[in-house]
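The same subunit A turns up in both complexes below, where it pairs with subunit B and then with subunit C.
The block that comes next holds the complex of A and B.
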């Protein structure tokens, strides 16, 4: 067996092992993605639930961006309502509430929450998660 | 047949000591590389497997707690003046009342932790494990506010959860840590506290 033959064998073995090694790194990436998605999901549900916990009349219509959604920050100027959200580095929340009326009365409020982030600890592509819900006017 | 000369025979193709040594060195290098690679694979696999279990258990726990809090209600005869105590959070337990079935049976659910594991118990039943030995840290407390609105104000109650799961295991095989930090709002209970739902 010559040195060349040994080197060729080693090269072939490396080529065979390379996909195996890559599959492990993709597995680790998948776990990281699941972790991030779970965090984004929690952030969105946290915001949704606190709005659903309020009386219908108190939930204001409008659009909010991440800088306006901070723990203790008022939803609307001169309103006593504040956001109760957990600070999250690297994740950005967005909120939109629209009123759905019929016969001149607001029947529902549509809550649209988005959470966006850059995957793989800020090094990967931008990703986002969205959750929508309807709040019914139970006083009608 | 040509007679074999000893001098000729000794010069025929053979293996020298240097060649053997080179082959041994290359073989050792190959075996060393493969062993390192395989032990690395094994470690990555174990770590990935453990991390997945941690994520699953964390998700399972949160889903249970969230679902229970959605169904949380004031127990019969509860004094509304003590509304902040509708959810009781201690260092090692979290308990509240909830609708346990479609008939409206109200039962107490308790989440218990010993610092490493977490169990859920309904009424006086047997505790069911949700997380087994994977808690690195866990704390929960209730938060509340009274929003100054016309009348007696609007009450809002929530559970603030902070937990870290995973990270345990042999050196080099520790799982990725999962941090759970969120606030959970019992929507039904809050609406009940504000008179939007009958007790």
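The block that comes next holds the complex of A and C.
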């Protein structure tokens, strides 16, 4: 084995390791993103399931920002219901509830939940996750 | 030899170097062993391999992460589709159920309703969409509301009948092609960005007949009829004409629709009566277990039933029928004319006579206008031994109806059931001489040479056979031995006496009448039915076998338990649930078990309600414990039936004379009747009380309940569970 051969091998190895490193880096970013999206998904579903389980009449229409959606906070003033959500650093929840009516009667409440965050531990671009659903008026 | 060559030995020879070893084996040339050629490029190759592997790993990781990310979004879209489906079903389930309700699916009385027809069709039921039968008011709205969420979102709610299977398919238990079990399936499908989720609310549907299996073929089905002695039912005191004097009255079974039947009244059909297989269309009777002997009631009166062996055409001219014994069954002297001394001339004057044997049957009668008791033993034709063995009272059970046209109701009788009846045997004597024949025909009453009943100890072969009034008009002077020999057994076969026959003999004899009423012989010419204990019964509806097994319906309980659609704990809860307190009507419309742990009596109607209990919606009541008391049951529709199954009951009691339009199956119970019976349906019990004050009455078979008829399948009850069985995603 000559010196020349060793130098050539080292050079080839360097050329190969460059895309390898890039793909590993991309994969690691993907893992991070998936983890974040999973967290966001769980946060959104947690809130959606809570709202879906509430009596239709007690679910108020309106819009809520992250600071209004914290564990123990009332949905609206004087409401007997409070949010029961897991605290999440770096994630912000948003909630919008809209009434859908027909023939003068509220048939559904459309629930739109968004969870936004800055990717890569706050260093990356802003990202968000949305879940939408209908809450049915079962008393009609 | 270089170091590298030495470092890579290729032979196992202990003293040879690698090169020498290879050379010795002749495997390699010397040129191939050059060290520079074997190691050149090796490092580069290693680097390339490692690099390639790393690159592949990196690419795999990259794509795997991408795929996982896509899966996460697919999962999220699926969650949204789920929420849409959930919202869909929550929003419209009431409308769906209302639509199902208004579709008539639950309207048990409307057999023309298409949904009822689908469920009660006597065949397997495949998965069936009900959307074309329902007023779909919800899917258009759901579509619009889904569009508010996302242009790709949709919600659709459909109603199906799914997963139906037939539940009564074993002929050893019972076959009912209508009985089935499955689900009413309300299915909501939400779709969001190409991902679908379906939520299903299932409610079990059970379809089963409210008629009792097997026993609905019977008017009367009595498991242990002979308990208490084979003659226990012979307690009725009647006169020669079949009218009652005092004391108990009989139960009369009408095994087909009669002119006065409720719902199913039918005029008399003489042509139908002539059908030799008419029993197939009628309600049958089973008197099980021990031997039962029923003394046939005499006369054409209100309760007479001797029409089995009498002239049946005109009950107002009720005439005994002379039966002839076929010549081939008679002793040899009957087969040719005999020359014998004449009874009204000097000794030695002879005449030629031809002999035949005939007899009439009669029924039992306890009284006449001359005697208060045991009048049938007047004249010493019947013996004291028979008097003590059979008595003179007739049977409490009249199995073939009564004498009026349209009410005679011969049927199949199963079990060890014997009919007892007096047979008055006589000789038919025809002189060959025409003058003597004229003398014979001029006698009033006609010459009668009875063959009296005698026990063996009193048998005298030399006893002279005379006209029963002792008249002398040119008849033969003869003794027993001349015609019957000297053996008592031979005479016994032809003498008068009370005989016992399988009950079905009457069926066959009546067939003789329908074929040729002028020529009756005994035994009957027609042998249609024979004695049958019912051990291997087979029932068919068309070509389909619906039951094959013993008449005692051993698996009836299992079949009925499998039909139960609803269970209530107590009798009071039952009435609370199903009795309309305002109208007093029973709205059962199902098959309901009452647990009744306190073993309370089930009284129909309840004691605080006036009789009868009006049944708007029929059904089947399984009374798991306790007895049954009936105060009158009236069906408000001919398409309804009410059945009570009481497997543990000790008694079934009728307390008034109001019509009982009901089927009762209580295989351990005694049937007790406190007032005149008017039963319309099937009665299946363990025994019938032979009450010395029995008020009598009628038991009417209900033809539409006959399981061999297609119309019996119309008594199915559809039950949809009140709660969702499960959610299915």
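Criterion: the second predicted complex is superposed on the first by the 127 of 140 C-alpha atoms of A that agree within 3 Å, B and C clash if a C-alpha of one lies under 4 Å from a C-alpha of the other, contacts with A are read in each partner's own complex, and residues count from 1 in each chain.
Just so it is clear, contacts are C-beta pairs under 8 Å (C-beta built on N, C-alpha and C of every residue); 3 or more make two chains touch, one makes a residue touch a chain.
In this text the structure is predicted, and so the values were computed from the model without any measurement.
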### Task
Please indicate which partner A:42 is in contact with in the superposed arrangement: first for subunit B, second for subunit C, both, or neither.
first
### Query
Taking the superposition as given, does A:125 touch the first partner, subunit B, the second, subunit C, both, or neither?
neither
### Task
May I ask you to decide whether A:85 touches subunit B, subunit C, both, or neither, giving the answer as first, second, both or neither?
first
### Query
Counting only touches as set out at the top, which of subunit B and subunit C does A:55 meet: first, second, both, neither?
first
### Query
Counting only touches as set out at the top, which of subunit B and subunit C does A:72 meet: first, second, both, neither?
neither
### Message
With both complexes superposed on chain A, which partner does A:102 reach: first (subunit B), second (subunit C), both or neither?
### Response
second
### Query
In the superposed arrangement, does A:5 touch subunit B (first), subunit C (second), both or neither?
second
### Shared subunit A contacts, counted only where both subunit B and subunit C touch the same residue
1, 6, 10, 13, 17, 20-21, 24, 27, 31, 34, 38, 45, 52, 138
### Message
Please output the residues of subunit A touching subunit C within their complex, sorted ascending.
### Response
1, 5-6, 8-10, 12-13, 16-17, 19-24, 26-27, 29-31, 33-34, 37-38, 41, 44-45, 48, 52, 100, 102, 107-108, 110, 129, 131-138, 140
### Query
Which subunit B residues qualify as touching subunit A in the complex?
22-23, 26, 30, 34, 37, 41, 44-45, 47-48, 51-52, 55, 58-59, 62, 66, 143, 145, 147-149, 154, 156, 158, 176, 178-187, 190-191, 194, 196
### Message
Residue numbers of subunit A touching subunit B in their complex, please.
### Response
1, 3, 6, 10, 13, 17, 20-21, 24, 27-28, 31-32, 34-35, 38-39, 42-43, 45-46, 49-50, 52-56, 58, 80-82, 84-86, 88, 138
### Task
Within their complex, state which residues of subunit C touch subunit A.
39-44, 46-48, 50-52, 54-55, 57-59, 61-62, 64-66, 68-69, 72, 75-76, 79-80, 83-84, 86-94, 141, 145-146, 148-150, 153, 155
